[in-house]
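Here come two complexes built around chain A, the first alongside chain B, the second alongside chain C.
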Partner chain A sequence: MTRDEVVVPALPRSAAALDACARADVAANGLAESAPTLSAKRVTSRGQRIILVAALGVVLAVAVIAPLGTITALIGLVTFIYLAALIYRGLLFYQGMRGGRVIRVSDEQAHSLSDEELPVYTVLIPVLHEPLIETLVGNLQRLDYPVDKLDIRLLIEADDEVTWSALEKLDLDACFTVVAIAPRQPRTKPKACNVGLLDSRGDLVTIYDAEDRPEPLQLRRAAYALLHADPQVACIQAQLSFYNSRQNLLTRWFALDYGAWFHYLLPGLEALKSPIPLGGTSNHFRAEVLYRIGAWDPWNVTEDADLGLRLHRLGYQVEVLESVTLEEANSDGINWIRQRSRWYKGYLQTLLVHLRRGGPVAQRGDLATWAGLLLFVGGTPLLAALNGFQWCLTLAWALTRSDLIAGWFPPGVYYVAMISAVLGNGLVIYFNVLTARAMGRPDLVWAAVLSPGYWFLMWLAALKAAAQLVFNPSYWEKTTHGLDEGGQHE
Partner chain B sequence: MNTTPLTLAPHARPLRRLPRSGIPAGTVLNLGAALVVAWLLPLAAVGRLPISVSDLGWLSGAGAVSLALLFSRWFQPHIDDRDLDVILTVLVGVAGLWLVGTRGIDLRGAHLIGGLLLSAGWLFATMGTRATMRLWPAAWWVVACLVPGLESVAIAGVGALSGLVIAVLLLIRRGWATPGQLVPAARTRRLMGLVYLVLVVGIARVLA
Partner chain C sequence: MSEGATSTRRRGEPWVWFVVCSIVYGGIGWWLLSRDLIFPDAMSRVANAYYVLFSRDPHLAAIGFVWNPLPSLATLPLLVFSPWFPALASLGAAGTIVSALCGGGCVAVMAVMLRDLGVTSAWTRNVLTGLFAIQALVVLSSAVGASEAMLMLTCSYTALFLLRWLQQRDPWFLVHVGTGLGLAYLTRYEAGASAVAVVLLVFVVGVVRAPRQRWAYGVNDAALAGLPFAAAALGWAVTSKVIVGTWFATFTSQYGNSAQVTSGQASIESVTGSGLDHRLLYLAEQLVHVAPLAVPLTLVTLAIALVRRDTAPLAGVAVFGAVLAFDDLTFALGSSFGWIRLQMAAIPLGLLAMGYLIGVARRRWWAVLLVVALAATTPLGWQAEATPRWGREEALAREVAQAGQYAMQRRVAADLDALSPTDGSIITDVAYSFPVFLASSHPHSYVVTTDRDFAAALADPHAAGVTYALLASPQNAPSDAVEQAYPGLFENGGGVATLAGQWQDARGTTWRLYRFT
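Up next, the complex of A and B:
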């Protein structure tokens, strides 16, 4: 099937006849019913379960016969995967340093389209337990776009008394629509977005989070860019940054994380024609394409990354727009681990979904796609989870010089592991220092040098993600906001 | 696994509180148990007591600092994660047992750090990650036990006095905890702490 022939009929174009509960059901189960191979409602497909059980059985059987050899083989496998992921990340940085394609729309160009020429823009804002909704509305009212062409939809869970109480005190403009989401499982952001998409008016669609501060001209720039882009450009990702990056060491690490992503990794993925996991906010879509590919998967907790993969597999392109949305960087360690564990869990869900065969989606079997899916989407959480155990082994051997541990690392594995550990960790710290330079932020250099502390937090988040993938795969870890210095209270 | 903040159920009656503060007395007992029971029991199980006079001084200092850290005012967003508590309990518990049971290297240092990790495991299980991480500066007084004390009462005095001075300065600078800053551990947490202790002592005996 060609790209233009593929339609995933997950959502109806008109939902006027549906009540709130029916809309929530369609939003939650449309994709799972029309294209089950694309949905994370089932964590694994039947084929995947057979393969996993068979592989586990083989490993256990071999472990009984030759335990030392099994451990050595597993360590060797992990070591070589580390090396492959390291080489791939180095390649991404190299390509990214050569400069990726970022769409730049000047202020003059952004204003060159008259109000009549501008398309209707649907802005979806999923909100949960948000007493400061007045701030959110204020940020949205700063958007420079004709009010009659705006379709801003506040998506609020019907039983969210905190937000409803705060909303009652506000007098909203006519461009705002408040959509009550019926309390149906899964209680996730993508399900809310799907409900909001039903009966939306926009030719273009974007999402913002409640604490986001988008640059005022962003909608005009995105509209201009999409109107002048090739039809296969289905989505434009704006850049993300933080307004509280100097708050503490964790926010500085987070700023480096995002900086590396937007300065090097994202351009590198573009250059290698790899699939691009979207960010969860400030993605600007053509509404028609969004409906065509089945919109968001409500069972995937990184629905944005999944959508990026699906767009790629269907032959659509994602471009990056030079326009910044400011967000709140997580400044609390436990809150950060909860948020990051959701991202890792979602990446694992996305990996499992896109390794499935068949369905209405044409397989993109090229090397770039597989490398991006396996080494980046899958490799990021899996290697973060295994990192800590490697460090513990290294530390235990260094302290005790145990013959048992030494026996697990024959020369072929040992030297590769040593190269990965020394060169790999050193390179990543070097990349972070480069990122600080690219961002023009010398204050981030010492945070870059202290990166191993950030990796420890990533390890904990990855362990939590792996456990939750088994016991509660679609549970949405809500990130608490308002912890920046302006919002901090005792 | 659901991750709700550590709070009292509406119908639960709080434990008796220390005067002029919102600090539950049970939390003090919990901390004392961690510093003494979770640290000493495994060491006793493997036959690596007694501790010296100077150790007692440093441990007293650690106790004083711990109390001050926990019961002075600090930013408490009440964001907790039970999954993380369990993960950290297991990780530090395993690391602590490995150190307590180890042989062939500096035993005293390994056992001291091992005992410290085992105490931390108890705290992660019963009080949660946030409260436990609040206490980490007090670990310096425990690590100071590695300094050869030569059974010196003077060094014991230095350990105890330094801890007391820091504790007093903390309380003066930050003030008492606000009501609701700390809440008693729920029953499931106390049960998990008990299971943890039983496992730790049992495995330590096996390793001995």
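Up next, the complex of A and C:
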């Protein structure tokens, strides 16, 4: 399949004229109908199902004939994946450390565009069961952008009484539009965003979550950057950080997680020309391109990551902007696991979508794309899931010195597994120590050293994600906000 | 254009030093090996790697835990080719290749550090680098396959990035510092002293420089510099504990450094004299020969640095000064051999002090003076190597070569090969017989100390199919495991074996082959 034959999905601009119900229908199924292979509406394609079932069958059959050999081979395979993912992470980190690529727009440059020159900016705010909408509106009013060029759209499910009643008490500026989302499946954030996009009037589009505190100049900086960027640059991702990272150990871990992501991994991915899975908020798009590529996939629970990959497949670029949006770090373990398991599930959905026929092999068959897709998008949830099992196995062996377990590891596998276990765990802890330093947050160094505790939570999340991918693929785990203590730290 | 060409040439400078020095050191090393001037410590490190690949029971743990593993690990990939190039193993040439590359690397890093310290004149820098490269200990350590060359390379790598961190403050440099310290520790345990000094320095500088959260910055910086070292030290100790049951085998093993020093105490003291005063005098004599300018120039440098509030010269002092202090202290306390090579760290210490002083002074006559001083003192080191009082190992190596010990041991190997022994039929303690084992073309005939069935085979040779025992006189092999299991075996068969062969060199070093009855 050549590049020209690839189905390029699109959302019809004309959908703006439709009634709410029809718009919701386009928003929900537009992508899945125009380019079914690019949507996670069907978790696996027929080919994928055949391959998966056949692979499972072969493994089971071989396991019956030669159980020990099968276990050894599987452990060998896992070890190999581990090592590859580890090397790739190291490479990303190294690239990121060397600076990677980050766009910097100075305050003067941000202010250099006159109100006439500034494009109309659509800001999509998907909200669900959000009693704190007043704070949100306050944060948005701090944005430094001419009001007549702002098109802020609060996307609220029609039956979301909590938010509607909170909204009644507010007196909104003219730049706010409240969009009621008709209650149709799938009830996900990306579907709401699509609805919001369909009758928006912006040339540029961004998304903020309800609890976000974007840096006031962010829209001006992004507008400046996009106006001056190559037309192939379809999206600019701002950096995310947390305002409550000192709340507890979990938020400290989370802060390090994001720190590594935005300081090293993202710039590293960009330096390697690998696809960049976008973060959930503060990504700034050219509206034109969003329409052209079919916007968000409502059936994918990490529509942001998927969109980053789709942009890459279709030849667009994503860049990183030096401007921080503060978010609320999840401070509650259970709530964190729900959120993380959604991310992992979404990454798996994204992996499956982009491995389909006409996937990156056909379109961008380069090594960087493959490495990014398999080792990063697929590797992240997979490693989180396997990590726990590996630890259990190691612990079991250390405690029992069982010959049975020792027998599963022939020398070749054993040494590589040993090296990746010791070196891998050590390196990731060390990277976190470095991240703390690079973030100018040396107080996080203890959290960095205690990282294995965070991996344990990741393991639980990955298990939950795997189970949910099979039984409830498009279910959206809502993350509860407002768990920070007072919300005004730092 | 010309500017670009100049900067390319400058960047190429260290590479030229690396290539030239590695080749020259390798050539000298080969010349020494071809005359059987073999450094036994170097050969035994090669042997450790050889067991991993070619013993009857090849496994990674056979690399042994008495010595830190990196010098042996580095020879592993070369030893793969020993079936085609036997000298890699039989003469320990694999060790020489590694040490020559390390020595060349160390010289190159010194050239870079001199530039970073502000020796801007290419002429001065290259003459200084050249003088460093021809120091007796630098040449010999790089040529004979000793682990000193690797220690110097890992330490100079650490010092280079520590210097850059002190000068430029980018935390990424601390990652290199940490890596260097970890590798240095895996090369030689005295690097632990460097690690302590460097981590303390980084902590203090981190605290002083921090804009706020002073202690946290200090801890974070120190963690970046120290964690890889801590992981290396802990990892090595735990591995050792798991596999041989002791955390630090070099201090506890019957073959370890402590045991060797204890059993060699009399012979050490016969040269150095006993008592703290004699030892200190001996150390001072050594230092005067190896690097007479190092200590005084370092003191001057520290004084100037204090006045200028400049931390740059602390890089060399923390890394090399700590190794030197550790080695001298352990000798002064009577727990080291006091070999002259243990003073080697003084050479880069002195050179870096010179580099700093030249960079700071920016006076031509001053640079010329220091260069001339270094040149003038260079022959002292060579003189020391030629004098048995200081060059004790070197004198011994000459004696051993003249007496034909290695030739005799190769004959042992050839004679045993000629017996066409079955696999695992000769038991021997390779802590002493490694030259024989390395020279054998049928290494599988031997049951060696690193084999996991060694203890069982030793306890019941017949049941294990062992026919012969190969051992040296207790005088040469004070803690031979086979002799210890069968006391009197060397002397008269100990009632369990009959003499089947004997070999002797001109110094009376004797090997005997016994056949179990």
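Keep in mind that, in the parts below, the second predicted complex is superposed on the first by the 470 of 490 C-alpha atoms of A that agree within 3 Å, B and C clash if a C-alpha of one lies under 4 Å from a C-alpha of the other, contacts with A are read in each partner's own complex, and residues count from 1 in each chain.
As a working rule, a contact is a pair of C-beta atoms (placed from the backbone, for glycine too) under 8 Å apart; a residue touches a chain by one contact, two chains touch by 3 or more.
Everything numeric in this text was worked out from a predicted model, so none of it was measured.
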(Q) Per the contact definition in the header, classify A:Met97: touching chain B only (first), chain C only (second), both, or neither. (A) second
Q.
Contacts for A:Tyr243 in the overlay, against chain B (first) and chain C (second): which applies, first, second, both or neither?
A. neither
Q. Touching A:Tyr415, do we find chain B (first), chain C (second), both, or neither?
A. second
Q. After lining up the shared chain so the two structures overlap, which partner does A:Ala436 touch, if you call chain B first and chain C second: first, second, both or neither?
A. second
**Q.** Doubly contacted chain A residues - partners chain C and chain B
**A.** none
Q: Under the touch definition given earlier, write down the residues of chain A that touch chain C in their complex.
A: 97, 411, 415, 422, 426, 429-430, 433-434, 436-438, 442-443, 445, 449
**Q.** Complex interface listing, chain A residues touching chain B
**A.** 332-335, 337-338, 341, 392, 396, 399-400, 460, 463-464, 467-468, 471-472, 475, 477, 480, 483, 488, 490
Q: Please give the residue numbers of chain C that touch chain A in the complex, ascending.
A: 59-60, 171-172, 174-175, 178, 210, 213, 216-217, 219-221, 223-224, 227-228, 231, 235
Q.
Touching residues of chain B toward chain A in the complex: what are they?
A. 1-3, 73-77, 79-81, 83-84, 87-88, 95, 98, 102, 104-105, 129-130, 133, 178
